[in-house]
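The two complexes that follow have chain A in common; it is paired with chain B in the first and with chain C in the second.
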Partner chain A sequence: MTETVISTQGLSKVYPQVRAVDGLDLNVPRGAVYGFLGRNGAGKTTTIKTLLGLTHPSGGSAQVLGFDIRKDTIAILERTGFVSETKQLFDSLTPAQLVRFNRGYFPKWSDALAARYADLFEIPMQTPFAKLSLGNRTKVCHLLALCQGAELLLMDEPTAGLDPVMTDLLLRVLIEDHVNEGRTVFISSHHLSELEKISDWIGIIDRGKLLLETRLEDIRLNFRMVTVSGDSVPKLSAPNLVSQRSSDKFHRFLVTRDADEFAAQLRGQGATVLEVSPVNLGEVFLGLAGKETSCTSGNAGAIPATV
Partner chain B sequence: MLLHVNTSSGVPVYLQIASQVKHAVAAGALKQGDALLSVRKLAAELRVNPNTVARAYQDLEREGLIRTVPGGGTYVADHQPGLLKSEKLRRLRPLARQLAVESSQLRLSPDDALKLVQEELDDLGGRR
Partner chain C sequence: MYLWKCWRDSRNRLALYSLACLAVGIAGGIGALAWTREMAYWEALHLKWYRPDPDPFRWIWLVTLGDIQDYMNIAVVWAGMTLGATSVGREYSSGAMAFLLTRPTQRRRFVWTDWGLGMAEIFVMLSMFILGAVPFLIYVSKSFRSSPGVLLLIMVVVAAVLYSLTHFTTIATGSSMKGLSLSAAVVLFYILFPTAMNEWWHVDSLLKAQQWTFQVFDWAYGGEVHPHWGIMALWAAVAIIFPTLSQLWLERREV
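Showing the complex of A and B:
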C-alpha cells in the first residue's frame, strides 16, 4: 500500500457565515503531484491553512506526514514548504535578510539551492520586500519554500502573478529538484492546463466538499463524455454518472467508467448516441463544478472546446 | 530530440510522447543505438510528471522500439520490432479508420485522402 502523506477524515471548518470546508476526506500519497482544483471560494485556501495548523478545524481530523494537525503544528511546519496565497512576508526585510531569518528554522535548509534560485529567478536580493513587484514577491516566497529541504510542498496558487517564462521555470524546478527526488507536491490552482501536465493525482473541491479524487490517468482511461440526441431527456441514475447537461434535444453525460454500457442503456431508451469521447481535465471540472450552460444544437455534437 | 506536448489537444500526454518518439525513429532522426533522455530529464524538459514519461517509455519498450539498460539509460532498439504483417496492419487499422471517418466528414474525395497519406509516406522516405 502506498504511504499517505496527507489524509483527512471529515475535516470541516465553519466560519460564522459559511461552511468553508465541509466534511473533507483527502488522501495524498507520498511522491504524488496532487492538483487541488476548485473555483474561487471553493475552500482550497482554508483547507491548506487547516492542514498546516494555521487555523483550527471545526470538526474531523487530519494527519500531515503522520502528524496530527491539532497537536503537532510545529513538526508539520518544520517539514513542509508552504507558499501562501497572499504572498506576504515582512515588508521591511530584503530577500537576503528573509533568507537569513528563515534558514534557522529549518534543519535541512540548503544555502546552495537558495543561491541558485536567487540567481535563476532573478530576484533582487537587496531590495526591501515592500518595494518588490508582485511577481518578485511570489518568487521570494517560492525560494523560501523550496530551500527548506521539505518532504512536502503545499503551494496555494503558486503561479499567480508570475509571467509565462517564470511559470515555466518554476514548473521545471519543481519537477527537476523536487518531484524527481520523490517529494510530495500539493498544488491548489485553477490553471487546469498547468495541473494537467504536472499532476498525477487530482482532487476537485466545490463549496467545501470534495467532488472527486482520482489519478489523472483514470480520467484519461475511463472517464467519457456520452453525447446523445433524443426528444425526451433520458432518465438514468447510475453510480458512474457524474453530471448531465441537456439543451434542446441534445444531452451530455459525463461518466467515470463503463461508458459503452452506459451508452447502450441510453440507446435502449430510444436516444441516438452521437459520440462517446475522452475528456480532458477542463471538461471534468466544468462537469462537476461548472454552472449549467446551454449548448446550442449547432455544436452539441461537436468536440467541446478545451478550457 | 525535440519533443513537445500539448495539453489542449485531448490526446493523452504519454501517447503524444510515444508517438513523437516513433515518428523520430521512422523519420531517421533517431537511429538504432541512439540514447534517449532519461525519464527525469525529459520530464523536466517537458514540464510533465515523470510518471507520464515513464508510461510512454514503458509502452515503447513493450512494443520493442526502445530498450532500457538497468541503471544505464534508454536507447533506440537495435532491431526494430519484427512483427507479423497481419499484426502490423491490425495496429494501423484504427488510424486508417479515423482518417477515413474524418475525411468523409470533411467531404474530401478518397483520392485526396490517399494522396495525403502518400505525401506523408514520401516525406518520411525522403528524410531517411
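Showing the complex of A and C:
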C-alpha cells in the first residue's frame, strides 16, 4: 500500500498549439482531500485526463494508486471514481438505468449506497438523463462515482450546477463517507471557499506548471502577507518569497515562512513595514496565479519538502 | 453492460426496420403467389416458351428472390450506413465518451460489442425479407427450392462492408454525421473513380477489378444458384478489417 496515491514526475502534455501540462510534479498523500486549483486553461482537466488514460502524456511519468498511467489504466480505473468536467452521461438512459449500467463494471459497487444517495440528493431516478437539469446531472455523476467503492475520487469541478444546500451536502458526504473511510479525494475547482472548507492539501497550477503544493494548514500557520510602503520596490530574492504586488506606494509580499525575518530584510533596505498578516487561500491563489508580478522561481515543488 | 446499453438504444429501431423488411418480403411472396396463379391460367405456356424448363417453380423462386433482392439492396445501404453511424463513435459527439472510456474495461470490447450487435441486427433485418417471402414460395411450389440462404448471406456480407466502413469512419471522425458523409464519399469514390479512370484516362484495370468484385451480386444465372464464394470471402475480409481499424483507432484516440 503506497502512501502517495497520485505521484507525477515531470509529467507533460503538449498539444500542437499549447503546452497544457508542463513538467508537473504532484504528490497526493493517501487519505487527503487535495484541492487542485488553477485558472481556466491552467492544465487541471488535462492533468486529470492524463492520470485516467483519456489523454496520453507527452513526457514524464505518473503513478496512480501505485499503478503506472501508461500501462495500468484499467487497474487505475477499477479503483478510481471520476466526475468529469462536462457531467455528460448517456442521454438515453435514466439515472436508475445508469446505475444498472455502471454496477456491472465495479465489483465493489454498493446498491445500498446508491439508494441512499438517490434519496439524499433528491435525484429523479426515472427521468432520462437528457431531460435532467445541470444540477441533477451533476448529482447523478456523483452518485455513480461515490457508489463504486473507489479508493480515489477524481472530481473535476464537482459542484458545478449545484445549489449551496446541495454543495454543502455533497462536501459533507465526501468527508463523512469517504475521507473518513481512508479514501482520497482529488478536487479540481475554481471555488476557493469550498476547497478551503474541506481540503487539507492544496496544489496550484498555472500554464501547466505547479506553482505551489502544500498543506492548507501550512498556509494558515506560516504563509504571511508583508505590506510595506515606499517609493521604490525593494529588491529581494528569497526562497520563501512567492509573489509580490505593487500599487502606488504600497508593496505586498507573499512569503511561505519566516515572515518576520523577511520583514526585517525589507526594513534593512529602508522600507517601512506596515503589516505582517495571515493570508487565506484566495490571497495565495491570487498572489500566485493572479496577473501581477510573481516570484515563483524555485518555489514550485520546493515547498512540500519544507512542510 | 455496454451490450445492454446498445441493445436498449437500438431495439426500437430494429423492430421498426424488421417490420418494414418483413412487409416487403410478404409483398414479394404475395407477388409470387399472384404470378403463379396467372401462370396456371395460361397453363404455364409463357414460362415454357420463355424458358423450356421442366421445373417452372425453380424460376418462380429465383425471379421472386431476385425482385426481393432489389429491395434488399436498398435495405443493405440504409441499414449498413445508419447502424454504422450510430456506433460507439457517436459517444464523442454526445459528450459521453469520457464517461464510457473511464469504465474499467478494454476499449476494444466497446468496439466489438457494438459492432457485433449491429451485425446481428442487420442479419435479423435482412432475414425478414426471406422470412416474409419464403412461406409463399413454399406454398406455391410445394417444396423448398433455390437457396434463399445464399441470397441472405450475400446481402449480409455486402451490408457488413458498408456497416463496418461507416462504423470506422464514425469513430475516426467522432461524429455520426461526419462519419456517414465520409463513408458515403468512400462508397461513391469506389463506384465512380474506376469509371472516371476508364473514361478520361483509358485505364480500365480498376474498372475490371471493380466489376469483378460486383459479381458477388450475380448469384443466380441460367436458372441455377452460383454464388461467387471467393468474392464473398474477399468482401467479408474487408468487412472485418474496418472494426479492427476501429479498435486500433479507439485504443489510441484521446478524449
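Quick notes on this one:
Just so we're on the same page, the second predicted complex is superposed on the first by the 290 of 307 C-alpha atoms of A that agree within 3 Å, B and C clash if a C-alpha of one lies under 4 Å from a C-alpha of the other, contacts with A are read in each partner's own complex, and residues count from 1 in each chain.
We take it that a contact is a pair of C-beta atoms (placed from the backbone, for glycine too) under 8 Å apart; a residue touches a chain by one contact, two chains touch by 3 or more.
The structure presented is a predicted model; accordingly, all values stated were derived computationally and were not measured.
Bringing the complexes onto one copy of chain A puts chain B beside chain C with no clash. In the superposition on chain A, A:Ser199 contacts chain B only, with no contact to chain C.
Of the two partner chains placed around the shared chain by superposition, chain B is the only one that A:Arg172 touches, whereas chain C remains out of contact. In the superposition on chain A, no contact is made by A:Asp258 with either chain B or chain C. When the two structures are aligned on the shared chain, A:Asp72 is found in touch with neither chain B nor chain C.
Between chain B and chain C, C contacts the larger number of chain A residues. Applying the stated contact rule after C-alpha superposition, one finds that A:Ser84 touches chain C and leaves chain B untouched. With both structures placed on the common chain, the touch criterion links A:Asp25 to neither chain B nor chain C.
With both structures placed on the common chain, the touch criterion links A:Thr55 to chain C but leaves chain B unconnected. Distance between chain B and chain C in the overlay is 28 Å (nearest C-alpha pair, rounded to whole angstrom). Chain A residues in contact with chain B (one complex) as well as with chain C (other complex) do not exist.
The residues of chain B lying in touch with chain A in their complex are 5, 7-8, 10, 12-13, 40, 43-52, 55.
Interface residues of chain A, counted against chain B in their complex, comprise 33, 168, 171-172, 175-176, 179-180, 193, 196-200, 216-217, 220, 278, 280, 303, 306.
For chain C in complex with chain A, the touching residues are 1-2, 4-5, 8-9, 91, 94-96, 98-99, 101-106, 252, 254-255. Contact residues of chain A toward chain C in the complex are 49, 52-56, 74-75, 77-78, 80, 82, 84, 86, 88-93, 97, 100-106.
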